[in-house]
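Labels run A, B, C and D following the written order; every chain starts at residue 1.
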Amino acid sequence: MTLSWNRYGKARVRLVKVLKARPAHELVDLTIDVQLEGGFGPVYDGDNTLCVATDTMKNTVYAFARLFPIDHAEAFASRLADHFIDKTAVSKVRVSTSEHPWTRLADHAFVQPGGEQWTSVVTREAVGTTVVSGLANLVVLKTTDSAFSGYPRDEYTTLPYTEDRIFATAVTASWTYRSGFTAFAARSAIRAALVETFAAHQSRSVQHTMKAMGEAALRASSDITGITLTMPNRHHLLVDLQPFGLDNPNEVFVATDQPYGLIEGTFRR
Amino acid sequence: MTLSWNRYGKARVRLVKVLKARPAHELVDLTIDVQLEGGFGPVYDGDNTLCVATDTMKNTVYAFARLFPIDHAEAFASRLADHFIDKTAVSKVRVSTSEHPWTRLADHAFVQPGGEQWTSVVTREAVGTTVVSGLANLVVLKTTDSAFSGYPRDEYTTLPYTEDRIFATAVTASWTYRSGFTAFAARSAIRAALVETFAAHQSRSVQHTMKAMGEAALRASSDITGITLTMPNRHHLLVDLQPFGLDNPNEVFVATDQPYGLIEGTFRR
Amino acid sequence: MTLSWNRYGKARVRLVKVLKARPAHELVDLTIDVQLEGGFGPVYDGDNTLCVATDTMKNTVYAFARLFPIDHAEAFASRLADHFIDKTAVSKVRVSTSEHPWTRLADHAFVQPGGEQWTSVVTREAVGTTVVSGLANLVVLKTTDSAFSGYPRDEYTTLPYTEDRIFATAVTASWTYRSGFTAFAARSAIRAALVETFAAHQSRSVQHTMKAMGEAALRASSDITGITLTMPNRHHLLVDLQPFGLDNPNEVFVATDQPYGLIEGTFRR
Amino acid sequence: MTLSWNRYGKARVRLVKVLKARPAHELVDLTIDVQLEGGFGPVYDGDNTLCVATDTMKNTVYAFARLFPIDHAEAFASRLADHFIDKTAVSKVRVSTSEHPWTRLADHAFVQPGGEQWTSVVTREAVGTTVVSGLANLVVLKTTDSAFSGYPRDEYTTLPYTEDRIFATAVTASWTYRSGFTAFAARSAIRAALVETFAAHQSRSVQHTMKAMGEAALRASSDITGITLTMPNRHHLLVDLQPFGLDNPNEVFVATDQPYGLIEGTFRR
C-alpha cells in the first residue's frame, strides 16, 4: 500500500482585527484555513519530526495579524503561504480565507448585514388580538466604549476587569403594541433606536446597554407597551501574543461561538 | 391522566408574494406558523371531527395571500387569526411570521443582504503563487425576465414550458487573477458586474444568464483569466389556487429548499 | 471568451422507499444528486433544445424507484446513470447518493440513530428544586398503522382522507419528577415506553399516538408527575407516478422538511 | 420605564469528562447552560457589584466537574444550582443540560451514533462506470492511546508534547471499487475495519492512525483499489484548573468546534 496523496492543516481559524489608528476604526473579520502538502510520509508512520503542528499554524496566523497589515485578505494569505513554503518537506501551501463583511454604523460600531429577520406573533382569543412584533439576528459590534469591571470575584473567578473590550451581539427584540394599534411601520423607528443606541452607548455591561436600548425603543414609539431584548455576548477573546514577543493593544482577537453570555430583559412603561 | 394543555398547527409555511401592479415590482418573503389551542381532547382519543387539518392551514395561507394585500405581516397574520378563531373548538389562534427582507437592485431584481462572504484561495508552490478570489452566498432574485422553455420532453417530463418565472439563486463565484496581480480591490468591480448583469438579463435559462454574468465579469477586470460560477436554482413554485376558485397570475409562490437545480460553469478568455 | 467546463443537474432529491412484500417492512432513505456534463454550449446561448430539465431528472428518480429494486444505492445510481448517458450531448453522468440509515424497532417501525440528546432543566429557588428531564430529537418512523381521516373539510381543504400513511417524527419529551426524587436512571424506562408505544400504536392522528405515548410514560415511572411531548409531523408525500403510467401503492415517497405539522401536548396525572 | 423581568447566564458550556478509574473508561459529554434571576436591577444601571460574571459560571462548571462525580446530569446540575442560589441577589437558578450519548466500542473507544451517512458516487462515461462508495460523519473518540510529540518547534510553537490526549474525529471515507464489482455489501466489512482499527491503534498522530485505518480497509476488501480518508481533529482541550487549586489528570476537557486540525490522505495498493 502506498500513500498516494496527503494534505493537512488547520481549518477555521477565526481572526478579528481592529485598526484603531484613525478615529473611524476599521474591522477585518476572517476565517482562515492553512493546508500543507509535501513529503510527509514519515508522519504517517508515526515519526512527527517533519510535522508542523496545526496549533503552530493557528498561532502563526494570529502573530502575523499583529505583525502585518491586512489590507486585502489575499495579500495576508500570501504572506502566510510564503512563510510555510519554507518549512521542511512542504511542496505546496494552500491558504483559504473567507471574509465576513461588516457595514459601518459609526466610528466604532458596525452591523453585519444579513440573517436579520422581522418577526411578529399575533395572538387571537375571543377577547381580542395581541400583536407582538420584533426582529431577530440583528448582528452588531462595537470596537470600543465597552467595559466590564467591578463584578464580584470568588474562588472561581479568573476574568480580569477590563475598561475596553469588543462588544458583539445578535439582538433579538420583541415589543408589544397597544391594543388596536395597526401602524406597523413603527418597526422602522424602533429598529433605528436600538441600533443607534447600541452604537453610541458607553457600556459598563451588556445589561447596561440593553437597558439604554430598551429605553430608546420605548421613546421611539409611544404605541408599544413593553419590549423584551435578548442579547448573547459573542465573546471576542484577546489573543495572548506574549509567547511570540508581541504585545496586543486590543487589536487581534479570536471570535468564539461558544460558550457565550446570554442576557435577557423585559422593559415596560 | 388528563390532557392539561395542547396546541397544534402548521409550521414553516414558506410564502413569497410578488406584486406587479407598478413597474417596480414588490416582493414579500415570509415564513408563517399557524397554531391552534382549544377543546381538542377528542382528537387525542382518535376522533378527528374537530381537527382542522394542518394541510388546510397551509392552503388557507396561500389562498389568503391571493385574496388580500400583505402590506404588513402583522395585518396579514391578523386576517389569518380571525379566520381560524371561528373554527369549532378553537379558543386561541397564534400566527407567527418571520419576514426575510430583500433590498431592491432594479425594478424586477432584488438582493438578500447577508450571508455573503468574500473568499480567496492562495496556492504557493516553488514555482510561484496563484490567487483565486471569489464570493459565496450572494443571494439574488428576479421577479420576471426569466423563461425556461424549449427543452426536450421525454416520458418523465412533466414541467410545463414557461415564459415567466421567478429566478432566485445564491451565487458562488471564483476568479483567477493573472500571475503577479495584487490590486485585489478588483473584487468590487467584478461583484458589481455579476449583480447588474443578473438584474438586467433576459434569461432563457440559468445557464444563459450565467454566461452573461461570466462575460460581464471578464469585461469588468482585464486582470482575471477566468471565472467559475455556481448557481443553484432555488425553485419558487407557483401555487395551484384553482381548488379554491382562484387564479394565480404569477403572484403567489412557495419557496423551496430542496431539491434544487445546480448549474456550474467555467468561462475563460 | 469560452465555456471551458460545465455541469448541471438536480441536487438533493429526497427519496424514501418502503418495501412491504414481507411482514417486516424494509425502508430505504436516500438523498440523490444527478449531474450531467457534455456538449451543452448552446444552452448557455439560450437554446434549450439539448437541456434535459432538472425537473425531469427528479421525476426519473422517483419513477425508477417504482420500477426497480433498490438493494444497494450504488446499483440504483448505476441504473440512473445508464439512463442519462443516452441523452443527446451527454458525455458524463455523475449520480451521487447519500443513504440515511435507520434501525429497526419492529416490523413496521424504525428509529434513526443519532442526534438524540438527553436533556434536563434543574430550577432552584429558595423553596426547593424542580427537576425536569427529557430527550430531544428522537427520530422515529412507522411505515403503516397510521391513518388520518374524518377531519373537517372546508373551502381550503384538499388533503384526501387516508387510512395508511407514513408517520415520521422527531420526539421531544420533558417530564417532571416528583419533588425530592433522585433516581434519574428512570429516564431509560420512560424512553423505552415512548418508543415501544410509538411502534405498536394504531394511529388515527399524531395527537392520538401522542396521548398513548404520554400514558405509557406515566405508567413507566410512578415518580413523574407529568410529561410534555412535542412531535413535528415530518410529512412523507406519496409521489404521483400516474404521469409516467405507474401506480404507487404506498411505496415511493418524497421526504419533506417544511412545512410540517407541529403537535404539542402536556399530560398529567 | 421599569425592568420587569431579567435573566442572564452562560450558555453552551461544553464539558467532556473521562473517568479512568476502571479499565473500561467512562465518558460523559454535556452542554450546560447556567442562568440566574434575581435583584439585578443595579447591573442594568451600570453597577456590576452584584453581577456574577458569566465567565465565573463557566469556570465553576469545570471546577465542579473535577470536584464531584457526574453519575447523572441532573444531580450535577443540582450541585451547580445549589452553589449559585447562595450568591447575593439571586432568587432563582436554572441549570440546563444536554447530554450527547456515546456508545462503547472498546475499553477506551466510543462511537457517537447518528449523523452517519453512507455515500456513493457513480460516474458513467462512454468507456464505462466507476463506483466510489463511502461513509460520512462517522464520529469516534478514544480516551487514551493517543500521543502527539516530537514535532518541530519554531518561534510560533506553544503546544506542549503530550503522550496522552483525547482523539476525536468524524471520519469521512471513500473507496473505489475495481471495475465491474457489484457486491456493494462490502461496505460493512470496510466500515468495521475502520472502526476497529481506530479503537485499537496506538496513535502517534492523526496521520499515523489514518494510515493504519487505510491499510485495514484495503485488507478488509480485496475489491477496492484505494481509499481516501478525511479526519478532522476535534480538539478536546484539557481545562487548566490550577487557578482553583485543582489538578486535572486528563479528566476534564472542553470540547471545541473550531479551529480544528484537518488531515486527508489517499492510500492505494
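Operating definition for what follows: a contact is a pair of C-beta atoms (placed from the backbone, for glycine too) under 8 Å apart; a residue touches a chain by one contact, two chains touch by 3 or more.
Keep in mind that this is a model prediction, so the values were computed, not measured.
Novice: List the interface residue numbers of chain A and of chain D, divide the shared ones by all numbers used, and answer same when the ratio is over half, different when under half.
Specialist: Result for this pair: same.
Novice: Where the centre means the average of the CA atoms, what chain is farthest from chain C?
Specialist: Between chain C and the rest, the longest centre separation is with A.
Novice: I'd like the Å distance between the centres of chain B and chain D, where a centre is the mean of that chain's Cα atoms.
Specialist: One centre to the other, that is 36 Å.
Novice: At what distance in angstrom does the C-alpha mean of chain D lie from that of chain A?
Specialist: Distance between chain centres, rounded to whole Å: 23 Å.
Novice: Between chain A and chain B, what is the separation of their C-alpha centroids in Å?
Specialist: So the centroids are 27 Å from each other.
Novice: Can you list the residues of chain D that touch 2 or more other chains?
Specialist: Answer for chain D, listing residues that touch two or more other chains: there are none.
Novice: By the touch definition up top, name every chain pair that qualifies.
Specialist: Touching chain pairs, listed by label, are A-B, A-D, B-C, C-D.
Novice: Residue numbers of chain A touching chain B in their complex, please.
Specialist: Its residues touching chain B are 72-75, 77-78, 80-82, 84-85, 91-101, 112-126, 129, 131, 133, 136, 182, 184-185.
Novice: For the complex, give me every residue of chain B touching chain C.
Specialist: Residues of chain B touching chain C: 1-14, 33, 35, 40, 43-56, 58-60, 63, 87-88, 148-152, 154-159, 204-208, 210-211, 214-215, 218, 226, 228, 232-233, 243-244, 257-269.
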